[in-house]
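One chain, chain A, links the two complexes that follow: it is found with chain B in the first and with chain C in the second.
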Partner chain A sequence: MRYIIFSLVVLMCSGQLAARGTYQTPQDFLAEVFAQQVPKPQKLWIVKDLKQQVKKILGHRLGSLRLRYWREDQKTVWILEEVGKEEVITVGVVVDDNKIEQLKVLIFRESRGWEVRHAFFTDQFKQATLQDNLKLDRSIDGISGATLSVRALRKLARLALLFHQHVVK
Partner chain B sequence: MFMKPSILATAIATCLVAQSASAASPTNEEMWELIKKQQQQIEALKNRLNVTDEKVEVTEQKVEATGEMLEERSGSASSSWVERTRIGGYGELKYHNWSNQKEGGSDKKDMDSHRFVLFFSHQFNDRIRFFSEFELEHGLSKDTDDGSGPGEVELEQMYVDFDLNENHTARAGVFLMPIGFLNETHEPNTFYGVDRSPVEKNIIPTTWWEGGAGAHGELMPGLNYDVSLTSGLKVPTSGSNAFLIRKGRQKVAKATAEAPAFTGALSWTGIAGLELGGAIQYQSDLTQSANDNEVSALLLEAHASWQSGPFGLKALYARWDLDSDDAKAIGRDEQMGWYIEPSYKISVGEHNLGFFARYALWDNEAGNSASTEYKQVNVGVNYWPHEDVVLKFDYQNQSSPDGKNEYDGFNLGFGYQF
Partner chain C sequence: MRRLRYLHRIVGLVSVVFVLLLSITGILLNHTEELQLNKRYVRFQPLLSLYGVQAPSLVSFIVDNHRITQLGQQVYHNKTPLSIHLKTQEKLVAASVFTDFYVIASQQRIWLLTPDFEVIETIGEAQSLPTPLLVLSHTENHLYIDTESGIYRTDSDFLAWEKVFSHSGKWIKSYSPNRKLKAYLLQRYQGDGLPWERVLLDLHSGRILGYFGVLLMDLAAILLIFLTLTGVWMWWRVSYPTKYKKKLKPKA
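And now, the complex of A and B:
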């Protein structure tokens, strides 16, 4: 019993990636993606048909009229947010050639479900594309106890692919 | 000398054409005036174009300013009380149509608004937050002398979380025990079947909450823990319900707290779609007695779930061991159960349809040699017209011990969460 308690304390004190909090700021994420040469942000206005498509994916309207995004050639980068169970999850998505190159949880504020930030989960989104029905081309295996966080990330992946289609024609 | 008429006509026509041609050709002065007029028109158009360009630029600036203002407003709202307070909930309505397979036994057909639940939560600051769950069961709660009445009003959760650091959180208040699949997560759209698993209901016993303090967090990527020191169960020691685990739930309602309960749980979710978990609870006296007749009890629980594409599989085992001669005498010194549940879920447009089967076995008198276990098979379907709304149907076939009711039949259910 003492050994178990000691092991638990050591593990609790060990320095490793935080469960809840800011894993990487959006600014650092952009700097990493663009190798420190971050382009000037552009703006995408969420109007007309795009507005309806966003509502279809999220189940509600987007909280803003326009979105900033960063573009280099055919690659776009999006910093998006969606509520998991109660709090907003901030995600960075890199899209290239209409496929997700990278999806990363940047800030996680929920009190549970933080497992979604790990590569074993987010790697499922690599190379994902958007189908005509606005769904991903693949099934994403969930994490028990993190259903709503998983759902939020799926929606943000679809949004990023949709937005990419609108700006890279 | 007379000219021929045709020649005369031609001559006259030629003169007229010559005169006409001479009249259409502008003079140099006229050309110059025309050019000057056209130049004036061009200048006027250029001026108008410049004015339009200026207007477009001003409009763009106004649109940009409006966009920035709206973004600032939506950003500042995040600090308001409203933005930091959330309301949620879930509910479920059930219809049971059961035939009692035991001779002389009564059938059970009922329609029950089983649960109406509201969640209230509030974020005090970045590190401290409050969560609560308020529940009405069975649609009606009456205050009667004999305690009869179909329903209950319950405070199922009321706790505050304190983030110790980014990996670990302390908790104080009333909270759900981190045991099994359903005890912490039981909104109707999250599980198959109209009724919750009878193993978790009768053995764990879901839904089970206690008051106290604890800590939870992540030990390493994918490995989560939860430990707590809380009030405990208080099982009756006599009568037909003696030592039955489910009858020991005090619900933190003036709960006797002679003996606390120590609970620890671990879960591993290091592979997407897979969860392996388990829990242990020790209570030095399951009867909460103030005398020396203590009944120590130990709960061991293990579960696994796997999801890959449309396929899902769940399995759970739970067992209580009670250190009591009185409990042993009636076989209730050991109470156990297990179940396995495969499922298959497909998307139909925006909707989802899931099929499941479940085999469950549980025995609240497993300590004796008599055949006292229940067995139940459920097969059914969940239909989600929206991810937070579910319609359910399942058929059950039950096998029960001698002298106990045995219900076969079907169930219909409706549920939601928000």
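And now, the complex of A and C:
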């Protein structure tokens, strides 16, 4: 019995550790999105009104004045980061025609909440758009035990749509 | 009865320390705001050491006439903390001026800053920065980083990193900060680290001694419960002796 409990604990711990890490490098994500023809990155300056809007979405300042993004016609790709509970979650967001085409967790560093990387969760963002009040046009179902990670991903989705609107005017 | 009284006395004597400790810390904690205990910081080194607040090593770089210094996870521009927070094991490897930017680099990230030291951009893993960085150097048009996987260079756009075979320029070195700055930063680091409220809370709960302290306080609580119950029992015995005796008296 003792061995079974010990094995279960080890399995649970190893599962959590395995859940942390790089699922896909940003470079690989970009290569996948642009079919190996990754365009040169461009820069978006976060100033004036945009700065305020970003603060409204994140609840805090972005922490930088400039962001890089990749663009091909009406499609933009954003590699964004936000803290879940304690660590930064790196997410890749593809926006096309003001709608989210794909949202993918690339690097997850938290010890909990890794369930947000699964497609059953990230698929909810597909085709989501940004309303005038800077909220998504749909509700995203949470995952129990991953509330903060879910919240971080919702914010990043809204940010990507906001940034897309600014660069594709 | 006599044995109980003896035990009550011994437990009472043992509990004196706990009662005093709990009472004094409790009173102080009740008046945290008035006494501003959350804003007063511990400067007593042995107590700081008990909490693991050790003075971390300082890494400093001279940029123009400015000092960029890492102390723990905080980076300072002279005496002002910057909005750059390093991870636990992250260390600064360089700071310099490149084109129009101030550049601060750790093993994992590069920060570009305005002349007012506002962060323009953080370049890291997500921006394809080759890591871990060992040292940094620059010419007029290019910035070079030496990493475990080789030397890379970028231009003022910082958009792409090109691997190069060698770089003959000077690599940036760290300097030890002057004594005045070092003393100021260390005091700031340690002084702001541990408020008295935290120490009192930990004394009150016993957590200052770790899990053993918590168990000790549990024991103190049990002793106080024991004292209360035995005290009431003995009082009742003394106050109502007849009733008690009647009850105990065997029926004829």
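Following the convention adopted for this analysis, the second predicted complex is superposed on the first by the 151 of 169 C-alpha atoms of A that agree within 3 Å, B and C clash if a C-alpha of one lies under 4 Å from a C-alpha of the other, contacts with A are read in each partner's own complex, and residues count from 1 in each chain.
By definition in this document, a residue touches a chain if its C-beta (ideal position, glycine included) is under 8 Å from a C-beta of that chain, and two chains touch if they have at least 3 such contacts.
No experiment lies behind these values; they were computed from the predicted model shown.
> Clash or fit: how do chain B and chain C relate after the overlay on chain A?
The answer is clash.
> Identify which of chain B and chain C touches the larger number of residues of chain A.
Partner with more touched residues of chain A: B.
> Considering only touches as defined above, state whether A:Gly145 meets chain B (first), chain C (second), both or neither.
first
> Taking the superposition as given, does A:Lys40 touch the first partner, chain B, the second, chain C, both, or neither?
second
> Just chain B (first), just chain C (second), both, or neither: which does A:Ile107 touch?
In the superposition, A:Ile107 touches chain C alone.
> Between chain B (first) and chain C (second), which, if any, makes contact with A:Gly21: first, second, both or neither?
First partner only.
> Which partner does A:Gly63 reach: the first (chain B), the second (chain C), both, or neither?
both
> With both structures aligned on chain A, tell me which stretch of chain C collides with chain B: 6-14, 60-68 or 96-104.
So the stretch of chain C colliding with chain B after superposition is 96-104.
> So chain A touches chain B in one structure and chain C in the other; where do those two contact lists coincide?
On chain A, the overlap between the chain B and chain C contacts is residues 43, 63-66.
> Write out the stretch or stretches of chain A touching chain B in their complex.
8, 11-12, 14, 16-21, 43, 63-66, 86-87, 111, 114-115, 118, 120-121, 124, 133, 135, 139-147, 151
> Mind listing the chain A positions that touch chain C in their complex?
22, 26-27, 40-41, 43, 63-68, 79, 81, 90, 106-107
> Going by the contact rule set out above, which residues of chain C touch chain A in the complex?
Where chain C meets chain A, its residues are 83, 112, 114, 118-122, 125-128, 157, 159-160.
> Please give the residue numbers of chain B that touch chain A in the complex, ascending.
Against chain A, the touching part of chain B is residues 67, 70-71, 74, 86, 88, 121, 123, 129, 131, 161, 163, 165-169, 181, 184-185, 190, 217-222, 224-225, 227, 267, 269-273, 275, 277, 305, 307-310, 347, 349, 387.
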